[in-house]
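The next part holds the structures, each set out as structure tokens.
In what follows, subunit A forms one complex with subunit B and a second complex with subunit C.
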Partner chain A sequence: MNCRSEVLEVTVEARQVEEAMLALLHTILLHRSTGKFHYKKEGTYSIGTVGTLDIDCDFIDFTFVRVSSEELDRVIRKAVSEFKDALSNSGSDGMGQISLEFYQKKKSRWPFSDECIPWEVWSIKVNVVNLANEQERQICREKVGEKLGEKVINVVEVINRHEYLPKMPTQSEVDNVFDTSLKDVQPYLYKITFQITDSLGTSVSTTMRRLIKDTLAL
Partner chain B sequence: MDSGLSPQDKKDLDKFIKFFALKTVQVIVQARLGEKICTRSSSSPTGSDWFNLAIKDIPEVTHEAKRALAGQLPGIGRSMCVEISLKTSEGDSMELETWCLEMNEKCDKDIKVSYTVYNRLSVLLKSLLAITRVTPAYKLSRKQGHDYVILYRIYFGEVQLSGLGEGFQTVRVGVVGTPVGTVTLSCAYRTNLAFMSNRPPDEEDGGAFVGVQDSQEVCTTSFSTSPPSQCVCTLSPSPSKLSKPVPLDNVQLPLAPGLVTHTLYASRLSYQPPAAAGPAELCHPAANPNQMMHGGKEGGVVLVPAHPVHGADAHLTVEHPPITPGSIGDDDSLSHSGDGRRDEGRRSASPSDPVEALNAFTRKIGAFVNKPSTQITAASLDLPFAAFAPRGLDSEENDPMVQPPDSPPCPSPLQASLHSQGSEGSGPQDDFVMVDFRPAFSKDDLLPMDLGTFYREFQNPPQLASLSLHISSQSMADDLDSLPEKLAVYEKNIDEFDAFVDMLQ
Partner chain C sequence: MAHFDTEYQRLEASYSDSPPGEENLLMHVPEGAKSQWHHIENLDLFFQRISFFKWFRKNGFTCMLLGEIFELVQLLFVVGFTVFLANCVDYDILFANKFVNHTDSSKVTLPDAFLPVDVCSARIRDNAFVIFVLIISGVFWLHRLVKFIYNVCCYWEIRSFYINALKMTMSELPYATWQEVQARIVEIQKEHQICIHKKELTELDIYHRILRFKNYMVAMVNKSLLPVRFRPPVLGECVFFTRGLKYNFELIFFWGPGSLFENEWSLKPEYKRGGNRLELADRLASRILWIGIANLLLCPVILVWQILYAFFSYTEVIKREPGSLGARCWSLYGRCYLRHFNELDHELMSRLSKGYKAASKYMNCFLSPLLTVVAKNVAFFAGSLLAVLIALTIYDEDVLAVEHVLSSITLLGVCITVCRSFIPDKNMVFCPEQLLRVILAHIHYMPDHWQGNAHRYETRDQFSQLFQYKAVFILEELISPVVTPIILIFSLRRKSLEIIDFFRNFTVEVVGVGDTCSFAQMDIRQHGHPAWMSEGKTEASIYQQAEDGKTELSLMHFAITNPQWQPPQETTHFIISLWSSPRSLIANILGPSTLTSVHFGRDSSLTNHAAAGINDGASALRSLSPVSSSLHLRGSLSAAHRAAGHTSAMSKGMAGSGTDARTVSSGSSAWEGQLTSLVLSEYASTEMSIHALYMHELHKQQSRGELSRHTWHRQDSDESSDSVPDEVRSEPNPHSRHFPRSHTFPTTVASPSEGASSQSSTQRRFSGSGTSGGKAVRSARVPMGGWAEDGQAAPRHHDPLPEESSEDEMPPHIHKVNAVRCVVGMAKLLCARVLKINLHFCPPILTLGYITKPAV
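Let's look at the complex of A and B:
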């Protein structure tokens, strides 16, 4: 199958990077998470309940909704914080990209390891700017808030096309489709990676590939 | 109807659509309450959470939604709409957005009802959660409480978008195909937040909201810089006078359904009806720009001691500046002077005035085009910080606090520069290069002194006359001497005093 790929671009100030990334990643994950599956006899299952939480941003005039799961929030925050550090340490002109990839595992026979087949990739391109004075920062707060609103509408538009989604798995297959490690919610299997673009625009001067969700460990 | 659908599926589908409609209304209304929503995830299914989402059910909202639906389901040509509007404390209202749940004829016959449709409806609800935080009305609703409230109205039937003004935008939340039609959820929101000019009731034209062409002031969350007398905003005729075809039973409901003062936005106090003294003063901008500062002062006095409820309102006003243009000035001074009063008690002396005067300075530099400089008439220009002296005090010149006596206890080298012309250090010290230090918020057009000089000068204020020893002992001796004479006089007039006391009783 073809992997669906979506690109979102934002221009933010350095201190807004974290919240902007959290807002977009959490919005995507809200739509790509379900409640925990509880398999019963006869192959049926019931689904737990997903709660939601409003988060106000401190540096942006924006509020986003995320899944009510502290564990998931911690994982995402960790990834975003690494991305932010990489951006600020890179010495480049502040361009980078963070990607959220949803994939399925396909079991292969020994000695081949499992394949990870992505079915949806969201890439968020970030462009960091420096602002000179407080007035510009205030305008930036509002502008970035509006932009993020537009991005959320874009995300919702894509998701509501209801294109390919992995089939609901049987009990034995659930770990090939969903991340079952969290206590309270169950997102589709995902991984977050990022790249920092150097000033020449090429994507590898320091390419850092961090597998936050490494399910390949055998 | 669709013959391919089994009765069980049809029944399930109807149930899904009904509960989807109810949950949609809950999400929309809760998103406009003005508070952050928080629900918990639960790994063990309780069986009562529709679409596997924890969405609270506010009973009044469900009741209203069911009443609007009246046993019907959204269908082709029968849409369920939730209208969100804003109503100011003066009674004017404006539609902000209309959320529409519609059904069209495009059917998806092959789709599995109990599984795919259900899951897609769940995703659509999540999208609705996300989008309700993105439209402009969300920010307005988070700031509601004092000067305006957000109301909702649910109706069923034809979608009415005429109240949204010109240039309204539409955002589609999503669609879900079902065997009997495609469910569509969208939102049309107003982009033009212009209020219309104030028209007396007998001039109203009885039409729907006239729209942009009559507006005089753009009223957005960034405040108008016109003097308050020009931007009193009232609007189109109140809804009761409109000839809009609003069904009588669809009354606009405050977002605390049932009562205006009943709060679902629990973090704010209900807005008091305009009859109450405190908020009314805040909401009605002073006609005279010169009153602005005093207006705030009076408002502060009214709000803080007399009515604890209003005091809390004042506190909230500090945190959440209202939208009404012109009242920002009042609120600024209120927030400062109110705080000053709370912190410093009821001293009416100069400590609270510097804050207000500082406000006056701020306003002079800032947006307002009135003339606050006439308020601050320095008694004499070469007095240090004369503007901070209490206004209206004629004895300013005799006030030892303002004018230090000429025998200060400790001579400071900078004292010579106290009464000098400028802070450029044109004094006799030629071997020093004086750097013109202008700290932030310092005013150097009235007063030639900088903050450091002022501080050094007033660090050692002169002693109070009444406390100086030889004067006090002298007066004490005088008092003691005159005591027997006074007693004699009182005894003589004892009848008079008794009569007076009787009169009082």
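Let's look at the complex of A and C:
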């Protein structure tokens, strides 16, 4: 609740799913990553550089910019391909949602595990369509390219707003805010989850959690 | 080589290309997280805990800890002792039916009566029921233990929030009001950003978060959506609303599996769209069915749990004061019915507690004379027997040794106590009407038809639904596990479509808060009721209106309790129009009598009679407030308290008491000493009482002559159309508008012939100043499946109402100019009303209330 949520919706063909998702996720992460922090003794830090890379899509008339970090790319690709597989295996009407959640950790005392508190969630809703002939595919190719362009501008607009971002951490707290596992780039802590079709109702686990919490509370 | 003369030249030493070194990199200073309180995940829960901590743990952390630990031990003891008594005691020895063979003495000692350990444990093991009870109570105890540990951890955190972030020590917490705590939370939001959507929090945001679901419940009770009224064949109309039922409602609507809410702060998107409401209703109905069945299956377990719970919670109380079962308490339904939107638990409880004395007095007025005669005689006979027995015992205590003498003495004593409760106090005066007014001053809501009918048994019976016997309350809780599934399956399930419609129509998304009940916005324009002073300001259809003036009274209440709150523009007008009236009244009435009489003496329409009676009126008002002695301070205080905003009206009105030297000096100690906000909040509650009385009075005047509709007899809306608000007009009005008579929402559209029947125009008038514009807006907002308005075709007139007070129709600036006139008028009105309650035997003054109008 106490987090912003942005929803992007795209309608693509099955083979475009992967590239479209990569384009959007990478665009968001490009703006939510910094260079590595190098802390100095008197509590200041300097920020390393971040390279960017233009990526051309094969199935869409579209080029996007991503952080030139192979590691990050690998992680994202893995998540997206899992999503794609799940989507193609689901066999239903081809609706799915992938969400990129930025969070910060909060240290808790002993009985509780660390809390992960999201502060921004990007949900990308994907609608997969089947096209009959090559001509339609061509049109779709262009149209999806245009749409993605709009989405990218949309993303940049949202990111440009002056809104809450976690404060820049001191050295000891840097792991609570940034993902420091990568060598060349340092994105905010993020989590990618996906969900195929709108499953009805809250999942059993959340309900159980809520039941337990409710019996405990007050 | 040709020398090219160009303008381009090499820049000399404009910058030096020093090798990249550490010292030239841009250096940043990390801000770090100053505290752990920024960006809290679940603000709803967090605020709830803060308010809970404030109100229930105010005696400090250690007290809470000790209290809880002792409670756990007590529980263990009660269960263990009960089992021991049932299984390990040889009662034959105790009752001396069996003799023990002692060698040394003939005395029976307590250990003789205990069974040996092995016999005892064997008895326990053989008894399946005892095992069952032991297991259930064991689970119960473990649950309590885990809950206790969890709570301690949570509240430790909240405590450190109070200390570190809010900068309040635990010792000063009990003396701070909620408003102070709230102001500090608003303050720290600017610094820590605990809510990330907004830069600043408002009071209303905090209330919305704490009371999100409670507001929904209040609104549903207000719109009679929840099936809590029943007509069982023998008992007549009754209300059944228990904690178990409430828990189930919340489970279904708010957080259970597949509930309407996705998470704690947002409704599922499909419920916000009207498209497939029928399908959603079907789904909800089947879910209710399943939960009902689950309740049915778990019934035995819950029943045993309930009995244990009741036993552990109430036996001690009953032992300590047996009369407490005959005492009354506010029922759960009453708490929902009487609650304002955005009213915290402690605020509700404090005002209900203030009304408790008057309410029980009112209920005691209605003792059946027949019962009294019987009780008197029974008490006489029992008393004489008791007297003889006691006298004999005093003469020779061997009488006690005779079998059953001690028990008969005890029984007779109980009998007399019971009988005495049926004998009315000799010194009590039967004046239900006045009592009901005093009650109203605290509870703020009551159905219209109670006024003037306070002496009737029907009114009393209905009031007893709000204010029930403690014993009845416990009994209802006990039978609740059995009744709840039946209600769910047979009653709630039929309402699934209405529920779906309700949640769709009355949910708004507020930035930084999430989905809240739109009633809780307290927007007069959207949910005002024309009969409750929002005439001309409201655009709500009947479906959208909150009943019983809930929106208006809630708004007043919230504005009074949270003076810092900045209401939206149109709401401000409403509040100012109210504040500028009775507030100054208080000053006038409670000020020195000489001054008041001068005030009114100037006015020719009031007789000397009235001026003389003002003191009585003032005393009646004073009785409303527990801090009556300092009520003189009230006027001047509130002026200082809320100086901003309505100064012009205020200063004129306050002239009576504010500048009076005596008043100020009488309260000087308070000024100098501890003029804490506690006192202020006490005043605020008094002020709210007066506003409530005033608004009810005005409402009554407005709807006089009509058989106004009331919610009390509003029946289940899907039953038939005879539960229609019957608004019979007393006088013909050419501009009568059509209103839907049918309650059969959501599917049936009222037929034109039905709608065309005579309806009140005065009560249900919309202020369509621009007919087309107003209509367009409204028709856009007419909820699908709501109360269909067949009056769409009919033009909406704005017909001036003869008895309408002028203030409502005037723009605010005229308002200010007319403030003094209004003040005098209102003062008259309230005085007349007060006189009416107080001087029942004074018919000429009694009539004053009927002739006076707000505007002179």
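Here is the rule we use: the second predicted complex is superposed on the first by the 196 of 218 C-alpha atoms of A that agree within 3 Å, B and C clash if a C-alpha of one lies under 4 Å from a C-alpha of the other, contacts with A are read in each partner's own complex, and residues count from 1 in each chain.
In this text, a contact is a pair of C-beta atoms (placed from the backbone, for glycine too) under 8 Å apart; a residue touches a chain by one contact, two chains touch by 3 or more.
These numbers were taken from a predicted model, which means no experiment stands behind them.
Judged by the touch definition given at the top, the superposed model places A:Arg4 against subunit C, while subunit B stays out of reach.
Once the two complexes are overlaid on the shared chain, A:Pro169 sits against subunit C while remaining clear of subunit B. When the two structures are aligned on the shared chain, A:Val156 is found in touch with subunit B, with no touch to subunit C.
Shared-chain residue A:Asp184: touches subunit B; no touch with subunit C.
Contacts of A:Ile47 after superposition: both subunit B and subunit C are touched. In the superposed pair of complexes, A:Thr63 makes contact with subunit B only, with no contact to subunit C. Annotation: subunit A residues 46-47, 168 touch subunit B in one complex and subunit C in the other. Those residues of subunit A that touch subunit B in the shared complex are 27, 30-31, 34-36, 38, 46-54, 56, 61, 63-65, 67-69, 149, 152-153, 155-157, 159-160, 162, 168, 183-185.
Against subunit C, the residues of subunit A that register as touching in their complex are 1-4, 40, 43-47, 104, 106-107, 109, 111-112, 115, 117-119, 163-164, 166-171, 173, 176, 200-202, 204, 206-207, 210, 214-218. Within the complex formed with subunit A, the residues of subunit B that make contact are 36-46, 49, 52-54, 115, 120, 122-124, 126-127, 129-131, 133-135, 138-139, 142, 171-176.
The touching residues of subunit C, counted against subunit A in their complex, run 22, 25-34, 36, 38-45, 48-49, 52, 143, 146-147, 149-151, 153-154, 193-197, 255-259, 262-266, 514.
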